[in-house]
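Per-chain residue numbering starts at 1, and chain names A, B, C and D are given in the order in which the chains are listed.
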Amino acid sequence: MQAEGLVRTFGGRRAVDGVSFTLHAGDCLALFGPNGAGKTTLLRMLAGLLAPGQGSVRVNGVPVKEGAAARAQVGLVSHASMLYSVLTARENVEFAARLYGLPDPRDAAMRALELMRVEDRADAPARTLSRGLQQRVSIARAMVHSPSLLLCDEPYTGLDDAGSAALTDALTERREGGAALLLVTHNLTEGLALATQAAIMRRGRFVRHEARELLDVRAYQAQYRELAAVHD
Amino acid sequence: MTPDNASFTTAAYTLAAIIYLAYVLSLKLRLRRLRARAIALETSARPRSDRPEGA
Amino acid sequence: MTDIAVPTPPGMLAAAWLVARKDLAIEFRTRTAFLSALVFALLGVTIFYFAWDATAVAAADLAPGVLWVIFTFAGLLGLQRSFGSELADRAVDGLLGAPISRESIYLGKAFANLVFVAGILFVTIPAVVLFYNLPMGSGIAALAGIAALAAVGLVAVGTLFSAMAVNTRMAELLLPMLSLPFFVPVVMAAAQSSARLMAGRPVAEAMPWLRILVAFDIVFVTACTLAFPFTLDE
Amino acid sequence: MTSGQPSVAPPLPSQRDPLVGVALLGIAAIYVRALAFTPIEARQGAAQKIMYIHATSAFIALYVAFVLMALTSALYLWLKDEKLDRVAESSAEVGLCFTTVVLATGPIWGKTIWGAWWTWDARLTATLFLWFIILAYLLLRGAVEERGRRARYSAVLGILASFLVPFIHLSVYLFRTLHPMPILLKPSAPSLPNEMLVTFLLSFAAFTLLFIALLRSRYRLATLRDWVADREAERA
């Protein structure tokens, strides 16, 4: 995935102000930053939901915006569950599977639910599930077509230990399977555990971006706390 | 026989004039209000406290 | 992971059908919107009957007019909720992120709305025939045909405006305000042509109105489909 | 595309707008000329003079204001230039003012010709629907805060409305021909003696000037409003 010179303004304010980075298969970028730094806007642009004011996003060379095909390789987990509350967990994930044109939507849906260890509630309507279970179904939904680029916006929020474990295993398995991950989170330990690269975003720009191995965790935490003291 | 309906004409002309003038007036008032806000924003640095009501 | 068959994103119509099926499944499961629109329509038909002095105006002349007024407002009621389900929990992001075209989302929603409105008509027309004891015969088939044409026009415009109105503060007021001017030619054409056909007048007399109706459908289905992507937050 | 960098000086239009002043003077001159110096039409009487303001305002409302709104809406969707959106907004609002005048003066004139205030005359009815459409357009603009979305939504409505007007004219005329109006004199294109024709043409020019003046003033208002909104967004 290549993102070049991404800019997006909302009513005179530059939510994202010139972001460029590349993710290769097996990479996992942990993105930290205070509220309002533009993380969600960036994520929506990478997922093809929001057209960038300037710059471009390419997945395996195909621009995400124009080519609907490029979106077939992208999975998004956001704050909102993106589920239809009236439909059951299975129906939601199966609907997504059909949207991506999977040859076996039913089985793919069940496999995704099993991956997130929520298959026992497959036939419960989404609205009857707890916040954490909905989050798991939402993650299953984002992974049903085994995307080569997985974008997660604070996926761990609301997950209990079992849920977090399932998510970590799923993300690790996807990463080893050749997917590229972007993990937006406030939780340093969680983020750094999986990351191969780490970045901090302030006012729509990457103020720091380096490989995980080069990081001294304690210094990073100190600097992050001071950087994130004031919201953008 | 030419009907005597001059009163209708005056009614129509005055009504039209009222509507046009009312619109010109509304433009002028809105402009004045906005100018005041613009000047206020321009001169004061960061009017945290006295920020005028919403845009 | 996936076996030999490579996943191929569905084409325009296939995707539209997927969206429509999902919408109808949701509608069938909740049924509240459909039932309320239906009861609204039936109540309207009965109330209209008592709004006129039956001796002065023959019920048969009244019937088409009543049908179209009720049909318009019941349709509006149905359109109101069509995008509500998408915005709850940002489910629309799931659609926008999928490898399907924006236009197919519109066509899917529009088709689901069409089925919704057709369902209401399917009950309201017999009710009007019953309550206003219209002569059975060919007139009813013509009425149903015209209703279908009118429904397409209303739904094409109504779905687009509902997609816009749902994102604003005053959705309930905005949707009727935006849609009703567009419903004028449709309702006028439908009422005039059905009145003539119901009164047994030669079809030729109703032709000019039917032409307007068909032209309206063609123009606005294409225009709304092309305009829909612009209503999304690109 | 948008006014990204904060322009320091606010786009402050001057208090006294000379063009609007000149335009109003022009209209006053037309009033004097039409009322005092143009002969009264034999059959219709003085009421015929209403035509000088009614027909001209109607023409400008439909063929200038509305067409401008529809055109700039279409161009906005293509070019995404905010200035186009502001022109569309301004021409809609000024168009609404002109249409209101038409709907006010129309029935008064209609009363003298047809004996009834409102007779669903084809042109007047079409103007009524145009009035509703523009009102809906302005209501839509009022209901959306975010500038980009407001511009896109109103552009979409502007274009669809331009498709709707021919349908309305078609169905209203078809509806009317089936119910012949008790018209004494069909107020169609005026074949006027030259004295009245001159007044009509002058009046047309004056009202066009008025439209342009109001449009320009409303456009500057929109520019200033957006500038203020940006500054407040930044400060918030």
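The working rule: contacts are C-beta pairs under 8 Å (C-beta built on N, C-alpha and C of every residue); 3 or more make two chains touch, one makes a residue touch a chain.
Keep in mind the model is a prediction, meaning the values are calculated, not measured.
Participant: Closest chain to the protein CA centroid?
Facilitator: Chain C is the most central one.
Participant: Which pair, B-D or A-C, has more C-beta contacts?
Facilitator: Taking the two pairs in turn, the one with more contacts turns out to be B-D.
Participant: What is the distance, in whole Å, between the centres of subunit A and subunit B, each centre taken as the mean of its C-alpha atoms?
Facilitator: 50
Participant: Between subunit B and subunit D, tell me the centre distance in angstrom, where each centre is the average of that chain's C-alpha atoms.
Facilitator: Once rounded, the distance between the two centres reads 16 Å.
Participant: Counting only Cα atoms for the centres, state how far subunit B is from subunit C in Å.
Facilitator: 41
Participant: Where in subunit C do residues touch two or more of the other chains?
Facilitator: Each of 233 in subunit C touches at least two other chains.
Participant: Going by the touch rule set out above, which residues of subunit B reach two or more other chains?
Facilitator: none
Participant: If you go through all the chains, which pairs of them touch?
Facilitator: After working through each pair, the chains in contact turn out to be A-C, A-D, B-D, C-D.
Participant: Using the touch rule from the top, collect the residues of subunit A that touch subunit C in their complex.
Facilitator: Residue list for subunit A touching subunit C: 44, 47-51, 68-72, 74, 76, 78, 80-87, 91, 95-96, 98-104, 108, 141, 145-146, 177.
Participant: For subunit D, which residues count as touching subunit B in their complex?
Facilitator: 9-10, 12-13, 15, 20, 24, 27, 31, 34-35, 40-47, 49-50, 53-54, 57, 94, 97, 100-101, 104-105, 108-109, 111-112, 210, 214, 217-218, 220-221, 224-225, 227-229, 231-233, 235-236
Participant: Where on subunit C is subunit D touching in the complex?
Facilitator: 157, 160, 164-165, 167-170, 173-174, 177-178, 180-182, 184-185, 188-189, 192, 208-209, 212, 215-216, 219-220, 223-224, 227, 230-231, 233
Participant: So in the complex, the part of subunit B that touches subunit D is made up of which residues?
Facilitator: It is residues 2-6, 8-13, 15-17, 19-21, 23-24, 27, 30-32, 34-35, 37-39, 41-42, 46-47, 51-52, 54-55 of subunit B that touch subunit D.
Participant: Give every residue of subunit D touching subunit C within the complex, in rising order.
Facilitator: Within the complex, subunit D contacts subunit C at residues 77, 129, 132-133, 135-136, 139-140, 143-144, 149, 152-153, 155-157, 159-161, 163-164, 167-168, 170-171, 174-175, 178.
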